[in-house]
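Listed next: structures, encoded as structure tokens.
Shared between the two complexes below is chain A, which pairs with chain B and chain C, respectively.
After this line comes the complex of A and B, so read on.
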């Protein structure tokens, strides 16, 4: 019988690193990351140049508030909007607001969804039933009337710009976590009865440790594949809210309320530069997220 | 000798579509410190159910009655005891590891939980020492479970439950996927571990090794322990007809052995309450065997058979 000297093999243990070839990113993931990178670059770098005032106040020489759409020129790269504000800079600032809005909402929804879904899925039984009933209740609430109600209440108290955004975020994520909670609960139910969870239990680990260390690593890929789609959805919803005037208000820019210009048929006919760049940017960003989601899905299926 | 684990009228029954299925039927057994007990019996006789009963990971459709006592306190909430006091080696090594986490992290977790003041260096050394006992190299720890073979996983499982230094090891078929040299090694390590004052409960189909290494053997049939004795004594002089049948079924190289005609037939449910469950397969049966009243047996060693009912020394 061979016998291995323990010192020798302890050193081996220290040195050896497991070498598994990591698969390269597929095309969809690559393009998605590239597009998202450019959008983020635009959104981060452009506002750093010293043109901050242009997004909120008039710049034309007359100084009046009549309808003035300036066509694209060297002074204003993409022209100006109805109040003479530079569209290029508003795009960048609005992108900041919109992207931050979506990131915060998705993260807080994930947080709530993870907590509620994990508790419901892992404990099961009575608690599970009650939590899922609550989830269904939240699912029943119609979204658009809710946002109209929120906007109405907010207008009464007249909060500041930043507070308005925070309140919108809170309302959105309080009523939007249900999808993640259901998904995570389902995935946990799938994993919970596997043999390795029973094995972890027999070595005396606590429930929280089992959920965090043994269940989450298994279900993470499935959830990561869903998150980008959710990003796209939240961003489109923000744009729709802005278009309806329920989201972020003038003079603060966001991609949603820049689409507001499209409500006027005269503008649609005569000044296409007022809304086409925003539409294109929204399209690029959502399709980047979509590509990321699809690419992640494909990669996971390959790994299986 | 100190009593460490005691079954008091312990029984388990599963609710299935066809009705109640009794897996463990009123077991009374005391296990002492230093015991190395092998539980043998045919598949489906309730050995693994007994393990789930000890571990407390009881499925929802299972009803439990009776008690298991650890150190004279009832195991109502076995989570407290699992790991450091009672360590359980699961039956299927292929599914016992989380496929997404490296072996190092999984084996380390138990040590982290039960020995929180151990440094990382000490943990690694301890793991290396115990893996070395089972002829494993340290680089095993740097791998994912799917990169290892079944036998290696099985040995890692045994090592990782032994490195917690538990009072009782319950091993559910730990040698099913091992080579003969490894089987001998594992059972020998268990023997040394039991001799040092701990307890090992071994569930196995490998009857010959069970008799060779274990100090006591319990034979299970239809959820009951039909015979419980020191291993040498039982091998020389088996008394219950089922034990006799099992031992006569062992392969012998040079002899042309006659097999007893006990292999066909199944358990009938009416014998769970009274009468012998082995009745319709037994070659030595009498008329009273089908209906006699079974008294619970509290002796240290016993044979649960009508033919030996009058004998009080067992």
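After this line comes the complex of A and C, so read on.
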């Protein structure tokens, strides 16, 4: 038992600490985190089970003797797809690929956007103008043609599967960092003229230290509210790319890939298990991110 | 103000030239050209004839000379001749552009109207209408476009047999029908794609309108209008909506290029004869003049869109001055 001396300044602080209410999470945040947690559980744990080695989820080595578009059964929960591969396990592995892809892209876009936005916002003047022109240039590149070009190049050079995913990540983040750069530059411009920055400058801190230690904590809430929406948008574009055949190619599973069953009206009508679980999973994940974003926004508005 | 416009237009032109050069370089640096894609592995053409063809098509120039030639042509108004067709690129784009533009424009207007209506009903946060609006936007923003399109095709064509599956016109109507039946047929064919575009697209407008509307409703002039005696509906119509329009304008300026580029996914799904499907095909076959002209169009529209949104922002908000 700790001895707390009464009526000391520090003992009063300790007592107050126990009384401070913890800030509750928003309902939206709770639902968002819950959904995301379940999706991550599914995606991380299912591929680690022992049954995976027996199930054909990746390639189809037996050729046409495999059942194509098999209905859900105990052997294949959720059935098989057009090439006889088990859909349930493809969902799990594809989830890993898609989520990792989204995560890496958003992180690299954040990184690039942070660097360029902070430099442009804080330095100002000529460098700011040049960097903003470069951002505008990158903004004007149309997305789908760029993706088609990369698919064309990769068709010719035939890289390995992993290299293909890396190239896609690089191209996508090169395309998409402009939004973050503009946002961060705008926020820094808002904050730059305030007194505490002048105080930091006069006390001799280097520029980088001012930006990292003083400006970023002020900007952070605004950016946190935008990031989950970006996750959702990247995930949706990844599925669109997979549908068009421009993203991750089979035999690598990916949620966008699995939706290519929807090209055929016959499949849509007769084999709903081929695409509805995928769509539901995409819906759940994107709504989880969306709810996280909305909840973060609401909490920030309340704190103001 | 004019000085600002002048600067923006100048930088815009520089951006257009830079981006066009980048795209031309990318297209030329592709490993397999248009001719190789057509004739790869065939016995008809010997390598000398292939080199001759490449000279004819202008694929043997250096990148900078090729770009300079193309740009000179553009300044004169000649956008070149498409590789696949042999027709003028300006003609091809001019044929398909009104269709895509009409489709995207009608979808945009309907999206805006729908987003406004939903935002107005979600002012009072605790009512059921607002929760319904939020859940609806959530569902619509989180589904991929082609999923919505395919499900709608399934429901309305295979299930209820109301609307036609794809294309823009029935052949019978095109040949035999009169103008009225043709127009009616086109509208019937376009209903599903427009509906899909609306469902997929109203979410982002709804978000910005709602947040702006909430800040506007807390202003004092709204209270003043209510105290004067205006009903709830009238205050919203006369005061709130006009003041919450600014994010919509910036969003429209940013979405201007998509009005012209066509909605590639929806057009592929519904096989509509618009610019999206065409550009997809031409891009896959590396048809350089067409792709360059198309990208020029989109880049110009992007630059114009950003300038337009800034101008509209200044028009609607007199406090903003450059």
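Note that in this section the second predicted complex is superposed on the first by the 266 of 304 C-alpha atoms of A that agree within 3 Å, B and C clash if a C-alpha of one lies under 4 Å from a C-alpha of the other, contacts with A are read in each partner's own complex, and residues count from 1 in each chain.
Note that a contact is a pair of C-beta atoms (placed from the backbone, for glycine too) under 8 Å apart; a residue touches a chain by one contact, two chains touch by 3 or more.
Please read all numbers here as calculations on a predicted model, not as lab measurements.
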- First, second, both or neither for A:213, with chain B first and chain C second: first
- Message: According to the stated criteria, A:203 is in contact with first (chain B), second (chain C), both, or neither; which is it?
- Response: first
- Task: Figure out whether A:127 sits in contact with chain B (first) or chain C (second), or with both, or with neither.
- Result: neither
- Task: In the overlay, answer first, second, both or neither for which of chain B and chain C A:195 touches.
- Result: first
- Task: Please indicate which partner A:115 is in contact with in the superposed arrangement: first for chain B, second for chain C, both, or neither.
- Result: neither
- Mind working out whether A:300 is in touch with chain B, chain C, both or neither, as first, second, both or neither? neither
- Note on the structure: The intersection of the chain A residues contacting chain B with those contacting chain C is none
- For the complex, which residues does chain A have touching chain B? 1-2, 4, 6, 9-10, 12-14, 16-18, 20, 194-196, 198-206, 209, 213-214, 217-218
- Task: In the complex, go through chain A and note every residue touching chain C.
- Result: 133, 136-137, 139-142, 144-145, 148-149, 152-153, 156-157, 232, 236, 239-240, 243-244, 256, 259, 262, 265, 268-269, 275, 279, 282-283, 286-287, 290-291
- Query: Taking the complex as given, what residues does chain C use to touch chain A?
  - Reply: 11, 14-16, 18-19, 22-23, 26-27, 30-32, 138-139, 141-147, 150-151, 153-154, 158, 165, 257, 261, 264-265, 268, 279-280, 283-284, 286, 291, 294-295, 298-299, 302-303, 306
- Message: Quick check on the complex: what are the chain B residues that touch chain A?
- Response: 55, 57, 79, 82-84, 87-88, 90, 92, 95-102, 105-106, 109-110, 113-114, 124-125, 128-129, 132, 135, 137-139, 141-144, 157, 160-161, 164, 181
